[in-house]
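Consider the two complexes below, in which chain A is the common component and chain B and chain C are the respective partners.
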Partner chain A sequence: MGTDRYAYCSPLRRMDPLGKGFVSLLASVVCLCCGMAAVGLFTMLLMGGLTILWGGQKLRTFGHFMKIPLAFLAIGSLTMVVQAYPPESALLVGIPVGDMLWGVDRAGLWEGASMFCRALGVVASMYFLALTTPVVDLTQGLRRLHVPALMVELMELIYRFIFTLTDGADRIRVAQKSRLGYGSARRSIDDVGVLASMVFLRAWRQGDRVYAALESRGYTGALTTLARDYESGKPCFWAAAGVCAAQLGIFALERWLL
Partner chain B sequence: MEGTEYAIEARDLTYAYEDGTLALDGVNLNARRGKVTGILGGNGAGKSTLFLNLNGVLRPKRGTVLVDGAPVRYDKKGLMDLRRRVGIVFQDPDDQLFSADVYRDISFGPVNLGLGAEEVRRRVAWAMERTGVTALRDKPTHALSYGQKKRVAIAGVLAMEPQVVILDEPTAGLDPQGVGEIMRLITELRDGLGITFLIATHDMDIVPLYCDRAYLLSGGKVTGEGTVEELLTQPELLRENHLRLPRIAHLMEILRDVDGLDADRSAATISAARREIKRILGTE
Partner chain C sequence: MNHNSVPRWARTGAMAAALLGVLLQPASAMHIAEGQLPPTWCILWGLVSVPFVVVGFFSIKKRVDLAPRAKILLAMCGAFAFVLSALKIPSITGSCSHPTGVGLGAVLFGPTATAVLGLIVLIFQALLLGHGGLTTLGANVFSMAVAGPLVSWAVYQLLKKAKVSPTVGVFCAAALGDLFTYVVTSVQMGVVHGGIAKFLTVFALTQIPLSIAEGLLTVVVFNVLVKYSENELHELAVL
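Presenting the complex of A and B:
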């Protein structure tokens, strides 16, 4: 399930998206730049805490979303940890393959762990934004950051019509299945082809109708709308400063201890 | 005085598609101010094309559209003025609601009119209040029910403060309760704000309840017109146009033609039929 559903329920939903974006971005950048496992883990806890306590999400929701990228992160880190070494290297574990030794040494393990933890920190920071800010507010924020209007409008339209397209695709699929579609692997390929072409055709026709409807409401080339007033993003700047200070504190502590 | 009695008028309106097919052929019709005018016709009768012509999205090959008695000008300013005064609510709200945010979608029309932020906010709040969607303002469009989307679509048009609102099949896809709610909303807006409504429908049962006058459209031509009572006394004409009598009027027709009772066949609503039956039974 998408994060949007949860973002709509967040008490921070009406807060200025740029403020929330700033918290996420600053926390991510500091977490990446510090390059230490402890800072990464700490950032994850801190941003998780913010998302739960301030952003009004359940621990379960946050945990659920953190699990999603875990497999990717694990595989990514593993390829950094396991490497080929010359035969007489001192490794933690290793097996000889050909005339090389494949395994894990202390430095590699440390680096992999640090990468993994930093990635967790960045992912958690981004979840703070994603779980408190619906897509429509994010795009409104991008508009204010002077991202080209064409790009923002495309993003908004794609986001809006993804739902009607998937609804339509679901209905076609049910109709196909009810007439014994997808019965064999070969049939499935045919049926998916028909489904894709039908969805495309429908989207094309709906595009025409949407355009007519826009024109009838005075569209002259810009999808300009007025969003509801946002609450001030000021608390976000305090939050960002707090998170940043804590991250740097942990960074200094880790440096001092090691 | 002509020009003040009719909010919108079409004279000899003719429209052809690019391949030359005539979609509208010399259509003459008018909608009285503050009334609900029905446009009745089967599928493919040309209703949607007519509406897009009335709002300037399509430009007629021949003929004129008059709003408030003045012919429409097709320059940029004239078109914007036309779209401000004549709004269309499309059949499928998913075609009309382009924004995933209810509030922003409703604000689209007023923003296009070049109004200031304060005025846009006032109008959006007002339109949401009138259509009963204020509670939905923080919801994403895709989370709304079909009936709620329809109301939001009406709010989006209402926020432009039009004089004429055209509704294409307003009851299509709604459950019976939804039909009642939408039609009550239309009556409220007509009575409260004096808005003129044009309603395309083939749902014959709502016609005697909500329409003041009606036109029959078939093959791009007007094939009949009159008050609803007048049209309902011509069942053959309705059937030729792929329509039928409302159920209650049909019952009256059977009572009259099969059972030989002296029933008034223009009695097409429950209350009219009740009066008529009591009259026949001699209890009134």
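Presenting the complex of A and C:
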């Protein structure tokens, strides 16, 4: 599902998830803290390059996932950029609405563009982790970081059940559609409602069955699993240092030029 | 700039097109994406959310210690919340949206468990689907797993005490919880980037049709659950 099926095919899959998490986190934090357009764009290119060349993903896959948050980014940036100005202000684009002039001036546009580029950089950094590390490895990493066992177990169980429930929901939807479901807006709401409630009922009853199965196999309250042996995460720490140095270099260059 | 050169019909058309564009926001628009909040605000919203998640965690721990079966059932509920957010519901504006599950989650599992389940679901949505983000996790948890569910739960309990029919109670809880989620998202964005009213207009006002759609959906789900699984609802202390 989503990024996970690509992460399972990545050559970096066997590498220590904490190392990959460190690269992602450091690149995100530096990009956020610098807050400049050039650093954001550079981080996106660098982390995109790492995901594609080192993480073994296709450019098309990376591009597809980069498009997902664009909707919110575009709406957020536009809302930020468009402001009300007094009449006769010098704007790049503007239309009068009532007594005010609504539009975009140079400073606002630059600020919006900076935020947009910074966001792209952070999104690309996050995708490096998501497209190279399956969730099961991430939860093992969380266990090593001493996140409470109950939380990690809940995450593992939820992750496992998501696939079971999605599969059931898909089959119900096909059955509904083959019986002329989803014909109108009103019908759609009814059908989605029935679908959601049936999925809930199945989830609840399946939960009961899973618990009975676990109990009959000696379940005492803890789901202990063996951690996989990972390759050393040392290359990730070198990569993180390189990415961070390059980001800071671009930051200094942008400050010097502007 | 000479604005009089632009005909009135063109200006009206442009405004209408812009408004329509805003109304047709896709579903992921409710999550604050990576990089949209500065580091200080990311940390601040994270800190604000932590107490709610901690309280939720201990309430779940207590339930699990009393009955280990609760862990499996809560995990199923978390997975259900994730699957629910992937379903498509038609909006009155003609576009499609996804339910937030804020109202249903709060009514079924209570606001404390919803905070923890919401946190996990939001992490999965960020990593697997690219909705939201890890740096903005604190802000998203606060709007979608804390504030919205709290409002939904409070509205539902209040209307239940006032002996209002459960259908009306569930509708109001889901619609208001959904709307409040957007209001909080607008405030989170507006406080940082200036113009809370502007963000409220774009993110909250335009979401009223979606909130109504989600309210109706939640009523349908609730009615089916009452019909077929009253025992489970009693177990969850909903009825």
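Following the convention adopted for this analysis, the second predicted complex is superposed on the first by the 240 of 258 C-alpha atoms of A that agree within 3 Å, B and C clash if a C-alpha of one lies under 4 Å from a C-alpha of the other, contacts with A are read in each partner's own complex, and residues count from 1 in each chain.
Going forward, contacts are C-beta pairs under 8 Å (C-beta built on N, C-alpha and C of every residue); 3 or more make two chains touch, one makes a residue touch a chain.
Because the structure is predicted, anything quoted here is derived from the model rather than measured.
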*Scan A:13 for contacts with chain B and chain C and give back first, second, both or neither.*
first
*Does the superposition put A:135 against chain B (first), chain C (second), both, or neither?*
both
*Counting touched residues of chain A, say whether chain B or chain C comes out ahead.*
C
_Tell me the contact category for A:4 with respect to chain B and chain C: first, second, both or neither._
both
*asked:* For A:159, using the defined touch cut-off, is the partner it touches chain B, chain C, both, or neither? Pick first, second, both or neither.
replied: both
*asked:* Once chain A of both complexes is superposed, is A:219 in touch with chain B (first), chain C (second), both, or neither?
replied: both
*Regarding the shared-chain residue A:210, is it in contact with chain B (first), chain C (second), both, or neither?*
both
*Report for A:228: first if it touches chain B alone, second if chain C alone, otherwise both or neither.*
first
*Using the superposition on chain A described above, determine whether A:127 touches chain B (first), chain C (second), both, or neither.*
second
_Overlap of the chain B and chain C footprints on chain A, listed as residue numbers_ = 4, 135, 157, 159-160, 164, 206, 210, 214, 219
*If you look only at chain A, which of its residues touch chain C in the complex?*
1-4, 28-29, 31-33, 35, 40, 65, 68-69, 71-73, 75-76, 79-80, 82-83, 90-91, 94-97, 101, 115, 118-123, 125-127, 129-130, 135, 138, 148, 150-151, 153-155, 157-162, 164-166, 169, 185, 188-190, 192-201, 203-204, 206-208, 210-211, 214, 219, 221
*Touching residues on chain C, where the partner in the complex is chain A*: 1, 3, 6, 11, 14-15, 22, 25-26, 28-29, 31-36, 38-39, 42, 57, 60-61, 64, 68-69, 71-80, 82-84, 86-90, 92, 99, 104, 116-117, 120-121, 123-124, 126-131, 133-135, 189, 193-195, 198-199, 202-203, 213, 216-225, 228-229, 232
_Looking at the complex, which residues from chain A come into contact with chain B?_
4, 8, 13-14, 134-136, 140, 156-157, 159-160, 163-164, 206, 209-210, 212-220, 223-228
*How about chain B: which of its residues touch chain A in the complex?*
52, 55, 57, 76, 80, 83-84, 87-88, 90, 92, 94-101, 103-105, 107-113, 117, 120-121, 124, 137-143, 156-157, 160
